[in-house]
Each structure stands twice: as C-alpha cells, then as structure tokens.
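Across the two complexes that follow, chain A remains constant while its partner is chain B and subsequently chain C.
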Partner chain A sequence: MSSIWSAIDTAGSGVTVDQSWIDSISSNVANMNDAATPGTPVYQAQYLVAGEQVPANSPAGSALGTGVQVESIDLGPAQGQIVHEPNNPLANAQGDVAYPVVDLGTQMANLVQAQTSYQANAKVMADSKTAYEAILNIRA
Partner chain B sequence: MIPAIPPIPSISSASALGNVVAPTPGSAINAGGAVAPVAQGSGSFQNVLGQAIDALNGTTNNATTVSLQAAAGTASVADATIATTEADLATQLASAVTSKAVSAFNSIMNMQM
Partner chain C sequence: MADATQAIGILQFALDAVVQQQQVIANNIANQDTAGFQANQVTFESSLAQALGSGGPANVQVSPEGLPSGVNGNNVSISTEMTLMVKNNLENQTVDNALSGQFTILADALSA
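Take a look at the complex of A and B:
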C-alpha cells in the first residue's frame, strides 16, 4: 500500500513486523515445555527473518524505502534437546525425552527488543502525524 | 467577467476505494452569452477539489472497513490505527485545500477595480 502519508505506512509496516515478532516469541515460550518421544516431531522454535520492502520497479537503494516485511520464518533444531527422564511416560527405551530448543532468557531478551522496536515505530507514526498536521495548519 | 465556478464532481461516483474519478467536463457562459470551455488542466480548482474529495472519500471508507474488521477480530489494532490516522489527515488535507482555494477565490472577488 502506498499513499501520500508514506511515513505512517512505513512505520506501520514496522509495527506489523514487530507484532509478528512478539507473536513468534509468545509461541516459543508457550511451547518450550512440549515434551516428545525422541524421533517423533518436536516443537521447533520460530525465528522471524525481517527484510526491507523493495519499492516496485526500482532496484534496492535507488528510491526511498517503503518499509519492512517478514521474509521468512527460520526454525530451530528438528531433533530438539534430549533429556534423560526415565519416569516420563513419553520416554523411549533409553529413558530419553526430547524437548524443544527454546532458551527462556534469549526469548525474554528478544521480547524486550521487540517491545522497544514496537514503541519506536509507534512513536515515529505519532510524530509523523504531528509533522503532517503542522504543514496542514499553516494559515497564510 | 469571471466565468462561473463549474460544478464539483459527485462524491457518490467515488464508491471504489482510492479510485480517483475524472471530473465531468464543465462549461461556463461568458459575458457574450457564448458557451466557453473551462480549462481542464490538472491544476484547475475543479480537479484539485474533486481529487481531494475523492481521496478523502476513499480513505475514510478504508478506515471504516478496517475499523470494523478490527472490531470483528480479523484485522490488527495497528492496521485500524493507521487507517483512522490517515483518514484524519486526509480530512484535514481536504479541509485545508478547500479553505485555501476559497480564500484565493475571495481574494480575487474582493479586488477593488
């Protein structure tokens, strides 16, 4: 979407990506204790890959950027981390259980980053609105 | 004699979102009684005002749609905020453009001959 209020749209794309980032962290934290029998599918942590939105019909760097977008979602290790829990009903013959590779400390640090980035984009949106209003309120 | 101001293009013609509708060609009667075409350049008052109103209509329609989607849970709150903010700015822009144009018209009309 392109409009005359491009700064608001650009900041809005940042807010949208940050929201997806927070959503992925939320999913990772919610699933960090999903145990599984080794060899069966285990939850893979989701990591967003963000990239610049390249304006249509112009090579990168030749025009003002129009925002950011989610390029792809990278996944954590498929085999998970093996923990020895013989009493777990999901344990295999060796008494091992697979857990998703999700480090809570890393996720919390990412959450703080995502929240700060969200606030920064919201601030850009609010300030660009103020700027647009300033030019509209000129009384000759 | 200054030609009469041509009619403003209909707002209802801009039901499609963001679709700028070309204004209908206007005409005016000059002092001699003959019909003279009004300039249709991109900078004419008719075009500027018509495009501003059409853009405003499309933006406010979009804001309404996205707000309803956000209330229904199918659009994000950020999208609704962006759409309503842009509608707010578009309203102010249309208002400013109209005020400036009317102000310019009044300046000409109040000229002392």
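Take a look at the complex of A and C:
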C-alpha cells in the first residue's frame, strides 16, 4: 500500500476505517429496536477494533507506519436484554421479548468521535496533496 | 559550483525528512482511535546541524513522541499533530522554494 504519495494512502486508510466505523454505528442504531422471541437470534451490536498497519518486512515500531485497518469486529451480547411485553406478538409464553443491547448514548458518542476522526484524516489528505504539489513545482 | 551542489544536497536531505515527517503525522492521525498505539515523531534538525558543523553523515530518526497515554493506551494528541502538520507544510514549502532558487542559479550559470 506504500507509494510515493504514501501520506495520502495513510490518510485514506484512516477514512476507510472511519467509514466502516460509521457504518457499524448506523447499523447498531437502525437495529436497536429489533425485537425477537427469547431464545431466537437477536441482533448483536457491532464494535470495530482498529489496529495499526505495519509494513510486512519490519518489526513493529521501527519503521514508518502505513496507516490503520479494521482488525476485528467485536459483538454485543447474544442473548439480548429481556423485556416484559405480553402484547408483543413475538413474546414467549412468559410474555417476554428480547431486545438487542445497544446503548444509544454510546453510539452517539462514538459517532461524534468517528466523524472528527474522518475530518482529521480528510484534512491530512488535503494538506499532503498541497505538500506533494509544492514538491512537483520545484523547477529552475 | 561545489557550493551550489552541496546546498542542493542539504536541501534534498531536508526534503526527504519533511516528506517522512508528513508520513509519520498521517500515520499518527490515522491511528488516533487505535487502542495501544503510540505516536511517533521525526527528528533531523540536530543531526543535520551536527553534520554541517563537524562533518559526517546526517540521519533522519523516527522515535516515539512519549506523551502520556489515555485510558486505551493511545497517546495521539490531535491538536499536536495538526500543529505539526501545518509547520511541516511550511517547512516543505520553504525547502521547495530554496531548491527552486538553487536550480535557478545553476540554470543561470549554465546559460551565461
């Protein structure tokens, strides 16, 4: 992924991860009210785990890093939270339904963080472009 | 003539350093939310000053910034990185202008 315009690639890896992060947040918020009968699969909130991209031929910390990547996606609890809703058509014999465990406050806070991170990376892209253009303009 | 080519060599070294600096800043900002990531910095000024003063090779060093880490073990300060990037861009433009100046002198000499 490294090239002569590597700072732009690095910032690009940043916005890619941020975009995936925002996608996971919107999925979590969109599915937070997906009721399910207890015992059946319930939506599990997705949490991105970011990791540094390190060039393959060098030990960590010794070389210029080449950006960030999605390392894994952690999932919220599989059993969901049980709520007593006897009138819900999905309720079991006890009148309980399962809802996904999604905390809206956490999701919104993460969204703001992802957004500022995206903006910072976009700024790096723009500034790196200016820097590379200045180099291309060296002439006698 | 030797002076002009030496100046170009020094400026070339400085340009390499600011390009690496840009890459390191981009990597720090890309990893601002990576748990356990430690920000790096590029230093070359003192090495270059030493090389110019007493001879010998100058080198570009990438080392940890060493700022305190937050709860997730990450120590990227976005305000520090943004400031460094602006500074680095100005350094880059300065070096580029100086290089253009040196090349203009060389071109003038060649066409005289």
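As a convention for this text, the second predicted complex is superposed on the first by the 139 of 140 C-alpha atoms of A that agree within 3 Å, B and C clash if a C-alpha of one lies under 4 Å from a C-alpha of the other, contacts with A are read in each partner's own complex, and residues count from 1 in each chain.
Everything that follows uses one rule, which is that a contact is a pair of C-beta atoms (placed from the backbone, for glycine too) under 8 Å apart; a residue touches a chain by one contact, two chains touch by 3 or more.
Since we're looking at a predicted model, the values are computed, not measured.
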| item | value |
| --- | --- |
| Clash or fit, chain B versus chain C on superposed chain A | fit |
| Angle at the Cα centre of chain A, taken between the Cα centres of chain B and chain C once the superposition is applied, in steps of 10 degrees | 40 |
| Touching partner for A:19 - first (chain B), second (chain C), both, neither | first |
| Which of chain B and chain C A:6 touches, first, second, both or neither | second |
| More chain A residues in contact - chain B or chain C | C |
| Contacts of A:129 with chain B and chain C, given as first, second, both or neither | first |
| Smallest separation of CA atoms, chain C relative to chain B, angstrom | 5 |
| On chain A, the residue positions that both chain B and chain C contact, one per complex | 8, 137, 140 |
| Touching residues (chain side chain A, partner chain B) in the complex | 3-5, 8-9, 12, 15-16, 19, 125, 129, 132-133, 136-137, 140 |
| Chain A-touching residues of chain B, taken from the complex the two chains share | 55, 59, 76, 78-79, 81-82, 85-86, 88-90, 92-93, 96, 100, 103 |
| Chain A-touching residues of chain C, taken from the complex the two chains share | 15, 18-20, 22-27, 29-35, 37-38, 40, 62, 64, 78, 81-82, 85-86, 88-89, 92-93, 96, 99-100, 103-104, 106-107 |
| Chain A to chain C touching residues, read off their complex | 6-8, 10-11, 13-14, 17, 21, 49-52, 61, 63-68, 113-114, 116-117, 120-121, 123-124, 127-128, 130-131, 134-135, 137-140 |
